[in-house]
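Once you scroll down, you'll see the structures, which are given as C-alpha cells.
Each of the next two complexes has subunit A plus one more chain, namely subunit B in the first and subunit C in the second.
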Partner chain A sequence: MRFIFKTKYSQDINIAKHNGDRFWYSLLILIMVALPLVLNDFYLGEISYICILSIAGIGLMILSGYTGLASLGHAAFLGVGAYTHAFLLTNGIPFYASIPIVIVVSFLVGAAIGIPILRLTGMYLAIATLALGFIAEHVFIKWEHFTGGNRGLPVPQPEFLGMSFYDSVFFYYVCLVFLIAAMFAAINILRSPTGRAFVAIRDSEIAAQSLGVNLGLYKALSFAISGAFTGLAGALLAHYIGYLAPDIFNIFLSLTLLLLIVVGGMGSLHGTVFGAIFVGFLPQLIAICRDYLPSSIGSQPGLEPMLFGLILVFFILYEPLGIYGRWMKIKLFFELFPTYKRQTFKKQKVFTKSDRV
Partner chain B sequence: MQLIQLLIDGIASGCIYGLVALGFVLIYKATETINFAQGDILMLGAFVAYSLIGILGMDYLTGFALTVLIIAVFGFFLDAVVVRQIIGQPAFATVMLTIGLGFIFRGFASIYWGTDIFSFSTPFSGKITEFNGLIISYVNLSIIVGTAVLMSALYFFFTFSKIGVAMRASSENQLAAYYMGIPVKFIFSLIWSISAGVAAVAGVLLAPITLVDTSISLIGLKAFAAAVLGGFGSIPGAIVGGIIIGIVEQLCGTYENYLFEGVREISAYLVLILTLIIYPRGLFSDKAEVKKV
Partner chain C sequence: MSLFEVKNITVAFGGVKALNDVSFGVDKGEIFTIIGPNGAGKSTLFNVISRIYEPSKGEIYFENQNISKTKPHNISKLGIARTFQNLELFENATVLQNLLLGRHIYKKTNILSEVFFTPSARKQEHEYRLKVEEVIDFLDLQHYRDTLINGLPYGVRKNVELARALCTDPKLLLLDEPSSGLTNEETIDLGFWIKDIQSLLGITIIMIEHDMSFVNKVSDRILALNYGKILASGLPEEIKNNADVKQAYMGE
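On to the complex of A and B.
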C-alpha cells in the first residue's frame, strides 16, 4: 500500500498524486502515440472512434456522473456539434476555425437547454431530456436548409496542416490530441471550484446551497460544459462517419452514451475511457457471441438490443461502480493482501429517499 | 362536424396514452420510481395476445383475459426479482435499470416473434358505425369503452377492496403502513403487476390500430407527456392528460399547414416540455409543489 506523505496543501489538488501516476500515464501516452507503427488502418479507425466516444463520455460524465443530472437526450449535442461542423466546413470555414465555433455553439445550446429545465430534478429531468432528444432529432430531419434533412449531409474532409482526414493515421492523431486536451480540460474543471460545486450539488443540493453554491448557475454551467465537450465529439464524429443522416442521432445513441458511463463507472474520468473501449468493441463482442450461439438465435437482429439491455441491468445490479470500480477493488485487494475485506465496498443499505413534500 | 370527428379519434388514441400513463402513475405513487419499460410491457402484451389469439386461435375475450393475467404475473415477478434490489439507490439507477429491462423485452420480442408486423382478428376490426354523419370505428369505440370499464374497476378496487386500501396506505407512507401490518413489499409487487396488467390491456386494445410489432413500445415515451400533464401521481390526471395529448396530436396533424411541418410527431413532447417549464405540478397534482431549486 502506498502512503502519500503530504507536506503542502496544494498536493491535494495535484493532477498526478505521486510519481507512479506520472510514470504510468506518460507511458500510456507514449504507447498511444506509437500505436500507428504496429496497428493497421482498421484498428486505428476503431481506436479513433473510441477516442471520440471518450470525449462524448467526458461530456456526459461531467453532467451525470459529477453533477448528478441525468440526460437521456445527449445524442442531440452530438448532432448539434456534427451538423454545425459540417455546415461550417461546407461554407468554406477552415477546420481550425470551425472547431472553436462548434465548441462555443454547443456550449450555448447546452446553456439554452439547461436554463429552462433547471427547476426539474431526478426523473422529471430524465423525462424532459428524453423529450428534448426526440425534438432535436426531429429538428435535424425538418430543418433541411441547415442539415439536408433525410437526404443527409456529406461532410467535407478539408486539408488540415497539409494532411487529409482520409488518412487514418492523421485522423487518429487528431482524435488522440483532442482526447488528451479534453481530458486535461475536464480534470482541470473538476479540480477547480466549479468542479467542486458540481460534486457538491450531486451529493446534496441542500448542503451545496447552504454553502453558497448558486444551484441554478452551476446546473446551467454543467449543462453548457457538458454540451461543449459532446459537441466537440460530434464534430470529430462527423469526420469519422463522413455522411450525416438525422437518424444517427437517435435515442439509441443517447442510451449508448449512458451505457458508456454506467459501464465505465459513474463519477470517474477513467470510467469514460473504459466505457468507451467497452462500447466501441461491443459490436465485435456481439459478433463473437453470434458465432457461439445456435444460428437460429445468433442471426436475429434483436440480439443487439437484448445484450445491450442485459449488460446495463447486470452492471446496475451487481457492479454499480462500473469497470473502474471493479479495477479499484482488484487494485485494493492486491495492495492490502491478505487483509482485504469485502465490506470495504459494501453497498450501504439506505431507505428510499422521498422527494415528496 | 370535422372537429367532433377529430375529437373522437383523439380521445381514442388518448385513452391508450392514458392507460400507459396510468401504469407510470401507479408505480410512481407507490415506490417513487418510474418504469421506463412500461411501453415495452405494452408491446409484450400485444405480442402475447397475438400468440394466443392469432396463432393458437383462442376466442378474443378469453385471449384478452389470459394475456392480461400472464403479463400481470410477469409484472409481479419483475418487481419481486429484479427491481426490488435497487430500492434506496439514486433515481438514476432505477431509470437506467428500467431502460435496460425495456431493451431486453424488445430484443426478446424480436428474437422470439420476429421483426415482421403481425395482426390478429378482433370482433371490432373493420366495422364502423355512423351517427349523425360521424364515423366511429368499433376499434376506437372498444378502446374508449375498455378504458372506461378499466378505470371504474380500478376506482372501485382502490376505494372499497381491502388490498386497494392497503395499496393506497403504502403509497401514502411506507413506514406507517409497515406498522399497521401491511406487507409492503408484497403490495409493491402487486402494484407492479396491476400496472403491467393495465399496460397489457392497452396493448391488446391498440393492436387492431397499429398492428403488432416492436416499435409500438415507443408509445410509452409519449405517455410520459400524459402522465406529466396530469400531474405525476394522480390517477384521473393520467387519463385526462392522455386524452388531452391524444386530441392535441390529432389537431396538430390536421392543422399542420397552419403550424409547421411535422408538428404532429413531436406535439406530445412539446406539450411535455411546456408543462414541465410552465406548470410542473401538472393539472391534477395532489402534491404541494414539485421540488424546486
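On to the complex of A and C.
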C-alpha cells in the first residue's frame, strides 16, 4: 500500500498526488497520441465520438454528480453548441474563433435557463429539464433562419492549422486535445472554492447557505458551466455528424448522457470517461449481439432503448457508484490484500437529518 | 450596548406562535445559553437569527446593525456562524473539504481564474489551508483530515461541524445543542473547548443546551424559554432557583 508523506500543502492542492499518478496518466496520454498508428479510421472515429461524449459527460457530471441537480434535457445544450458552431462557420467565422464563442453562448444560455428553472427541486426540476429538452428540439425545428429547420444544416468542414476535418486522424487529435483541456478545466473548478460550493449544495443546502454560499447564484453557475462544457461537445459533435437535423438532439440523446454518468459513476470525473466508453461502444455491442440472438428477439427495433433502461436500473440498484466505484473497490482489494473487507464501502448508518433544520 | 440584540421577535406559523415577543441582548465575550423544554422555540430562534425563518415581527441587531433583512448567505459574512441540532455536514466530502468550505466567505477568485487555476487561486488555497490547520490543531482533528464524513463516528462529526463554524472566523457563534449525542468524556472536552473559544479566540457564544450540569458549568448567563415566551433570564444560580423554570421542567 502506498503511503504518502505530506510535507507541503501543495501536495493536497496538486492534481497529481504522487509520482505514480504522473507516470500512469502520462502513459495514458502517450498511448492515446500513438493510437492512430495502430487503429483504422473506423475505430478512430468511434474514439473521437467517445471523447465528445466524455466532454458532454463532464458537463452533466458537474451539474448532476457534483451539484446534485438532475437534468433530463441536456441534449438541448449539445444542440445549442452544435447549431451555434455550424451557423458561425457557415458565416465565415474561423474555427478557432468559433469555439470560444460557442462556449460563451452555451454558458449564457445555461445561465439564462438556469436562473428560473433552478427554483424547482427534485422531481419537479427533472420534469422541467425534460420539458427543456422538448422545447429546445422544437426551437431547432421552427427557427429556420438559424437552424435550417427540418431540412437540416450542413456543417462546413473548414481548414484548421492547414488540416481538414475530413481527415479522421486530425479530427481525433482535435477531440483528444479538447477532452484533455476540458478535463483540466473541470478538475480546476472542482478543486477551487466554486467546486467545493457545488459539493456543499449537493450534500446540504442549508449548511452551504449558512456558510455564505449564495444558493441561487451557484446553482445557476453550475447550470451555466455545465452548459458551456456540453456546448463545446456539441460543436465537436457537429463536425462528427456533418449534417445537423433537429431530431438528433432528442430525448434519447439526453438519456444517453444520463446513462453515461450513472454507469460511469456519479461524482467522479473518471466516471465520465468510463461511462463514455461504455455508452459509445454499447450500440456496436448490441448490434453484434443481435446476430447471435434468435431473430424474433434480435430484430426487434426497441431492443436498444430497452437495454439502456435495464442497464440504468441495474446500475442504480447494484452499483450506485458506477464503473468508477467498482474500480475503486478492485484497487482497494489489491492494496489491502488479504485484509480487504467488503464493509469498507458499505454506506455508513445515516444519522437523522433534521427536518426542522 | 450589546454585541447582539433581539428586539420583540415574534414568529407565527399560522395560529401557533413559536416565539412571542422575545427580547434579549448578548454582550461581547459572553457565553449565553438558551434552555427550555421541547417546543419552546429555541431552534426557531436560531433559524430566525440565521434568516432561514422570517420573523412576523421584531428586529435583530448585530453590532448595532439591523440584520432582519439581510440575505441568509450574507449572515456569515457579518461574522455569525452556526452549527445545527442534527448535523448538516457535507457527507460525501472529506473533513478537509468541509473545513475549507468554512473559508468560502473569503473567496476572492472568480470563475475564470479558477478554470485556469491561476497562481492567485493557488495562493488563496494556501491561505485557506493555514487557517483551517489552526482550527484542526485547536480541536484535535489531525487524524481525520482526509477521511470522508460518511466514515466518521458521531462525536467526531459534531467536532467537525464546530470546526467548520470556527473556520469562518466568526465574532458570534451559535451552537445548537453541541453536547447532544456525546459521551460524558466528550462533553467534558467540549466544555473546555467552549471555554477556550471564549477566552482564547474571543468569540461570543449563544448556545442551546439541555444538559443542565454542562450549562451551569460553562454559561455566563442563561435564558429560559417556554411556549415561545421568556420564562426567566439571569445568572445560572438564579435560573436554577427560579420557581417558573422549576415548574416548566418538573411540574408542580
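By definition in this document, the second predicted complex is superposed on the first by the 346 of 357 C-alpha atoms of A that agree within 3 Å, B and C clash if a C-alpha of one lies under 4 Å from a C-alpha of the other, contacts with A are read in each partner's own complex, and residues count from 1 in each chain.
Heads up, the rule we're going with is that contacts are C-beta pairs under 8 Å (C-beta built on N, C-alpha and C of every residue); 3 or more make two chains touch, one makes a residue touch a chain.
Worth saying up front: this structure is predicted, and the values here are computed from it rather than measured.
Legend: residue contacts after superposition of the two complexes on their common chain; A:256 is shown touching neither subunit B nor subunit C.
Subunit A is touched at more residues by one of its partners, and among subunit B and subunit C that partner is B.
Of the two partner chains, neither subunit B nor subunit C is touched by A:71.
Once chain A of one complex is fitted onto chain A of the other, the partner contacts of A:215 extend to both subunit B and subunit C. Within the superposed three-chain model, A:316 lies in touch with subunit B and out of touch with subunit C [touch as defined at top].
Legend: residue contacts after superposition of the two complexes on their common chain; A:124 is shown touching subunit B, with no touch to subunit C. Of the two partner chains placed by the overlay, only subunit C lies in contact with A:197; subunit B stays clear of it. Subunit A residues 215, 350-354, 356-357 lie at the interface with subunit B in one structure and with subunit C in the other. Considering their complex, residues 28, 31-34, 82, 85-93, 95-97, 99-111, 115, 174, 214, 221, 224-225, 228, 232, 260-262, 265-266, 269-270, 272-273, 276-277, 280, 287-293 of subunit B touch subunit A. Remark: subunit C residues 43, 47, 50, 52, 71-77, 81-82, 84-93, 96-97, 100-105, 107, 109, 111, 114-117, 121-122, 124-126, 128-130, 150-151, 154, 157, 164, 168 touch subunit A in the complex. If you check the complex, the residues on subunit A that touch subunit B are 64, 68, 70, 72, 116-124, 126-128, 130-132, 134-135, 138, 141-142, 205, 215-216, 219, 255, 258, 262, 266, 297, 300-313, 316-317, 320, 349-357. Residues 9-10, 12-13, 185, 188-189, 191-197, 199-200, 202-204, 206-215, 221, 225, 267, 347-348, 350-354, 356-357 of subunit A touch subunit C in their complex.
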